[in-house]
Amino acid sequence: MEKAGATMHAAVLHSAGDLRYETVPTPAPREDEALVAISANGLCGSDVHFYESGRLGPFVVDRPYIPGHEAVGVIVRSSASRSASASVAVGARVAIEPGIPCRRCSYCLRGLYNLCAEVRFLSAPPENGTFAEYAAVPADFCHPVPDVLSDEEAALVEPVCVGLHACNRADIRPGAPFAIVGAGPIGLVTMLVAFACGAGPAIVLDVVGSRLQKAVELGAAHGVDAADSESAAREVVDATNGEGVPFVFDTSGSSAACALAPRLAARAGVVTIVGWPEASRFPFPIELVIERELDVRGINRYRNTFPAALELMRSRRVDVRPLISHRFAFERVLDAFEFASKNRIETIKVIVAETPKTTPSGEADAHRNE
Amino acid sequence: MEKAGATMHAAVLHSAGDLRYETVPTPAPREDEALVAISANGLCGSDVHFYESGRLGPFVVDRPYIPGHEAVGVIVRSSASRSASASVAVGARVAIEPGIPCRRCSYCLRGLYNLCAEVRFLSAPPENGTFAEYAAVPADFCHPVPDVLSDEEAALVEPVCVGLHACNRADIRPGAPFAIVGAGPIGLVTMLVAFACGAGPAIVLDVVGSRLQKAVELGAAHGVDAADSESAAREVVDATNGEGVPFVFDTSGSSAACALAPRLAARAGVVTIVGWPEASRFPFPIELVIERELDVRGINRYRNTFPAALELMRSRRVDVRPLISHRFAFERVLDAFEFASKNRIETIKVIVAETPKTTPSGEADAHRNE
Amino acid sequence: MEKAGATMHAAVLHSAGDLRYETVPTPAPREDEALVAISANGLCGSDVHFYESGRLGPFVVDRPYIPGHEAVGVIVRSSASRSASASVAVGARVAIEPGIPCRRCSYCLRGLYNLCAEVRFLSAPPENGTFAEYAAVPADFCHPVPDVLSDEEAALVEPVCVGLHACNRADIRPGAPFAIVGAGPIGLVTMLVAFACGAGPAIVLDVVGSRLQKAVELGAAHGVDAADSESAAREVVDATNGEGVPFVFDTSGSSAACALAPRLAARAGVVTIVGWPEASRFPFPIELVIERELDVRGINRYRNTFPAALELMRSRRVDVRPLISHRFAFERVLDAFEFASKNRIETIKVIVAETPKTTPSGEADAHRNE
Amino acid sequence: MEKAGATMHAAVLHSAGDLRYETVPTPAPREDEALVAISANGLCGSDVHFYESGRLGPFVVDRPYIPGHEAVGVIVRSSASRSASASVAVGARVAIEPGIPCRRCSYCLRGLYNLCAEVRFLSAPPENGTFAEYAAVPADFCHPVPDVLSDEEAALVEPVCVGLHACNRADIRPGAPFAIVGAGPIGLVTMLVAFACGAGPAIVLDVVGSRLQKAVELGAAHGVDAADSESAAREVVDATNGEGVPFVFDTSGSSAACALAPRLAARAGVVTIVGWPEASRFPFPIELVIERELDVRGINRYRNTFPAALELMRSRRVDVRPLISHRFAFERVLDAFEFASKNRIETIKVIVAETPKTTPSGEADAHRNE
């Protein structure tokens, strides 16, 4: 079953646009690490961004590396000596938490390990990711997957963790209305997690009608066209007795949308910024933050979320299956990247699996999730 | 429709066992109060306790008063002059929040109004309650009921608020396992609210098998017989990898069960005490509180919960319909008390309605919920 | 002693620049209100702003009103019938909390009464303030003043409350370094309160050297010239091992300074915005909020702070005496406004007292605090 | 300077009463550990307890081990390869945090490392402690000591951390009155830290008059004789307008006192249990926890407290010097244990130092602090 010490197939990004399906050395797990045979990967927008432009924020592709960080697989070898790994023995199916911290700085000791300055994030160049047959991961960053979940669902626990961390940071409350700015994959999972936390009803804003429609299918009470900020803000305020909502999540990655978020918030509201606005400095209505005593909270990935996210998925209180829009076999991983790059609006989540549930065919090599 | 200035029917408790269906003056709403025509009442265990023994805790029935505090009705007159009452105009269907605070002490100003020393609690003798045709209530303590909810469901928002306040005080987290000690009505609604907050799986403990069965029907993963504390504690610990659960709710009203609660808790766990133990001083394992750094939190009714609870019920994330076990017409309110008193174990919630959904008949004058 | 039912002297602002020392009717306390004979007032920057320009934010001077909201006095009459007023009987020396909420909206019931949409703020036109011989105030918004505090000190409990609310909102921690952007009166009281909460050491930034010097006299470890944002940010980061500080307070009222604040913050830091930036929309580094998972929290006045602030002052853990830079007799209130308007940088706090501690004399009619 | 690879002197406890001053191998620092040359130790009550009875809670002295865990010293060798150790290079004077967690379990990852099931606590048998010339400690558990602090003061940062963790867990608020039950060393440091957090005034309860006197010397407003629980509770309630205090700390280790603590608490109060009651199961007034909505919070040592505690000590907001009652040279460590065992009431903190500040002499071999 295992090919350790030997070689494996992997998707290797050499530079912008130059992704290759290659044979590379299988990684050797270090102390306290497990070797995971990858069975499925979700394709993240950041993977596509590196593929298209060779960089993202401070990270630059200056040597070949393996992308991918939404992965599930089976443990085939474990060097872990500690009790922490007892539940992740050889043979266990696990989801991989991809941000490995130093465990020794003040952030790690305080439990804020996602903010560790030395965090190794799998797939943040030059750190290798999970679009490969194997990955080596610390045993305590391998999280057991409940039987009820398929591999492709379990791969999506990573974006669910983003939504869960956003809800945790917001300290969202049961029975509280909320707004989501941006109905992309992260906006949708954040909405699903917020529902699972008891919050609602939801108002979702986007500039793409089909995304709003998807949000409504998934339970949003209102879809609001965000093309015009003035009318969008008015629509939300009108829908909430002139109050605004106590919780707003901006997942849009748009400066205009980010600046819109506080205008949707009720007094004492919490505005959680999940998406990175494309322009780094833009007019933000800080006067509303003061007048309404808002909290504006940033989030950077997640921490301590995998077990809870997997439980929410196991109990189907967060059901990510409707988010899987396309599937590719691992051998066609290059096609998956190219497809996602060319069809940004239409795709929600693309899954790349070792043993795909369906055989892709046709011109796009993609199987539309009806 | 309205009979104000005149008289109304009411259930009046004169002393232990002496409940009468009488004609009394209709209350006159004071400034900022609304007059509510009551359509349905839930029968609370505390009402039955006063009926049986004429006292509960510090409260004594020393003159006739009207019991009842789980009520829904329609506003028929409003003296409220303020904007706060805009959404509760004449004709609005509302649930009544029965604990009216002074609004001026430091607890009220801090939002802890349930702890106000001068709180008037409808149905806490000598304060009249809602087993009557009318009740006068401050407009801001009348909460609009969503159309989707029936009167009898809406009446149960009050016990749902107890569960919601318990979950708020516990700061229960999505994806977190929890245990409920005591599967009576409050235990069950607390479980339902905790599920709605994303928590789970649930372990429920009780000494009555039929109650455990009901808990499992409503979603509990395990029902544990609490008759023997040692084996019950061991069973919970075994079911949680030796860890215990991060959240425990004691709703049992039993000293032995209350002392059991901390033993079920994981390190850093939160033990929320909802039910009043029958013996006021008993051995409590404070050493576990220290060793495991537990939080033990008491709750006394609820605050700021009605709108959120009604939203959880509107969206059916908390569905109280399976908790309604019996129904009586208002004219048969004496029978309802007598029935509940004689069938404590079998009844979950008894509803007394002006226009009952079903016509009770048969020897017990009770209609069993299929 | 009392002149109720009759007339009193007051400072009345008719329009920008037109402040008059006039005779007006003494206010009549309503139910639950006390009549307070004012003994001292602090002069707030907002009072001066109305005096200079006739407006501030949404408030416009469109008819004559009395400014002033930092006041202490003695209760001379009380209509209060409730126990809440027991500690504020006739003869009690009290500090006035000037923002009176509706007590009935969801914000009031949640304890967020400073965010009540119907709050009456004494001295926010057209609401009369406290530059008068008498003011009528709800009994529970009159806070007993400990004997050890002089009238002029006690008058400054209001700005101390701004600093305390800022520290409460920030949830400042003992032993945590912090930065204050803006060393005006609010910046200085916020620093003093933060010290009293155990925080420190403090870095203070301002563009005026004399203010930085005052901050250092009051305990700041570093004074940083904020004229150049780049070098100021670098200086703070260098002084903190490249980390930044966990708590930043912006009290500057400057857009450039507000945008500087997040740059001074460590990962997981809290940036509390106390001062209203003069331009309402300006580039704010939201990307740092995300990358570092910052919390940006606005504050709007204060809530539930007077008793704690008075205790901090009583125990001299917050000593405001060094902040009193000038004193005027009440008869010279017009001179006080004119002086403060012409000497913005030099003045920290101006006190206007019925019985001034010192007799002002000389060309400026002001007595410099040694 | 260093004698590594060789031998060192140490106090070795072989069994109850059998403490020996011996020559043992110097420990070899493992990866990421530093070797610290110990300069001063505080003598903790738990050390004395092991000395007297050979056991404490679950820990039993079944083979020789070195006691001591309140230690300061100088780093003489460092195997640490990481940046985390940059500030703790060879030559740095450091305080030792003695509880070393596994860094990999869910408690460690959440920042609750004091609750890690695998924590190695220096001096908890069979783990060696710091009554020795050298100790090996992970570099990130060595905390730099500010220059202004003497060795003997710095050694007391460990008990200060207990007080700080208690205040953190209580979330004590500025200006809030509090009560301390038990005026031993931990009670006194908790009071000092609470003062440093802005809390007060303080009421202290104990059964020993000299301890109450010491508490008053250190700033307590009231000392209350706790011998009779009824009168003690009444005295506290009377001193607080019948309200009780919002924060109570039980540091007494007495069952009767622990049961008294909730009776001193105001509604919505927080009762933090710091001391282990001698009887593990005793009547605890859980009915007050419910009626008043109290929080009862246990604490087990501390986490993430050393840097903040050292800053509070550096700035003299927590001044532990008055707590040092006796000093011994390290060579006389056996005398120190014997003295502390025989003079429990009279001693507050005993310091054992390599280079004692004063030369002990006289019959008790102890130097009374002034």
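Order of writing sets the chain letters: A, B, C and D. Residues in each chain are counted from 1.
Simple rule for what comes next: a residue touches a chain if its C-beta (ideal position, glycine included) is under 8 Å from a C-beta of that chain, and two chains touch if they have at least 3 such contacts.
Predicted model, so just to flag it, every value in this text is computed and none were measured.
**Student:** Which chains contact both chain B and chain C?
**Tutor:** Common contact partners of chain B and chain C, which must touch each of the two, are A, D.
**Student:** Name whichever of C-D, A-B or A-D reuses the B-C interface, so over half of the contact pairs are the same residue numbers.
**Tutor:** A-D
**Student:** With chain centres defined as C-alpha means, what is the inter-centre distance between chain A and chain B in Å?
**Tutor:** Spacing between the chain centres: roughly 40 Å.
**Student:** Just the number, please: Cα centre separation of chain A and chain C in whole Å.
**Tutor:** Using C-alpha averages as centres, the distance is 44 Å.
**Student:** Could you say which residues in chain D touch two or more other chains, in rising order?
**Tutor:** Residue numbers touching two or more other chains: 110, 112, 307.
**Student:** How about chain D: which of its residues touch chain A in the complex?
**Tutor:** Touch residues, chain D against chain A: 32, 82-84, 102-106, 108-113, 118, 138-140, 303-304, 307.
**Student:** Applying the document's contact rule, which stretches of chain B touch chain A when the two form their complex?
**Tutor:** Against chain A, chain B makes touches at 87, 164, 167-168, 173-177, 193, 196-198, 200-201, 241, 307-312, 315, 317.
**Student:** Under the stated contact criterion, what part of chain C meets chain A in this complex?
**Tutor:** 107, 110, 112, 114-115, 117, 169, 258-259, 267-268, 273-274, 276-277, 280-300
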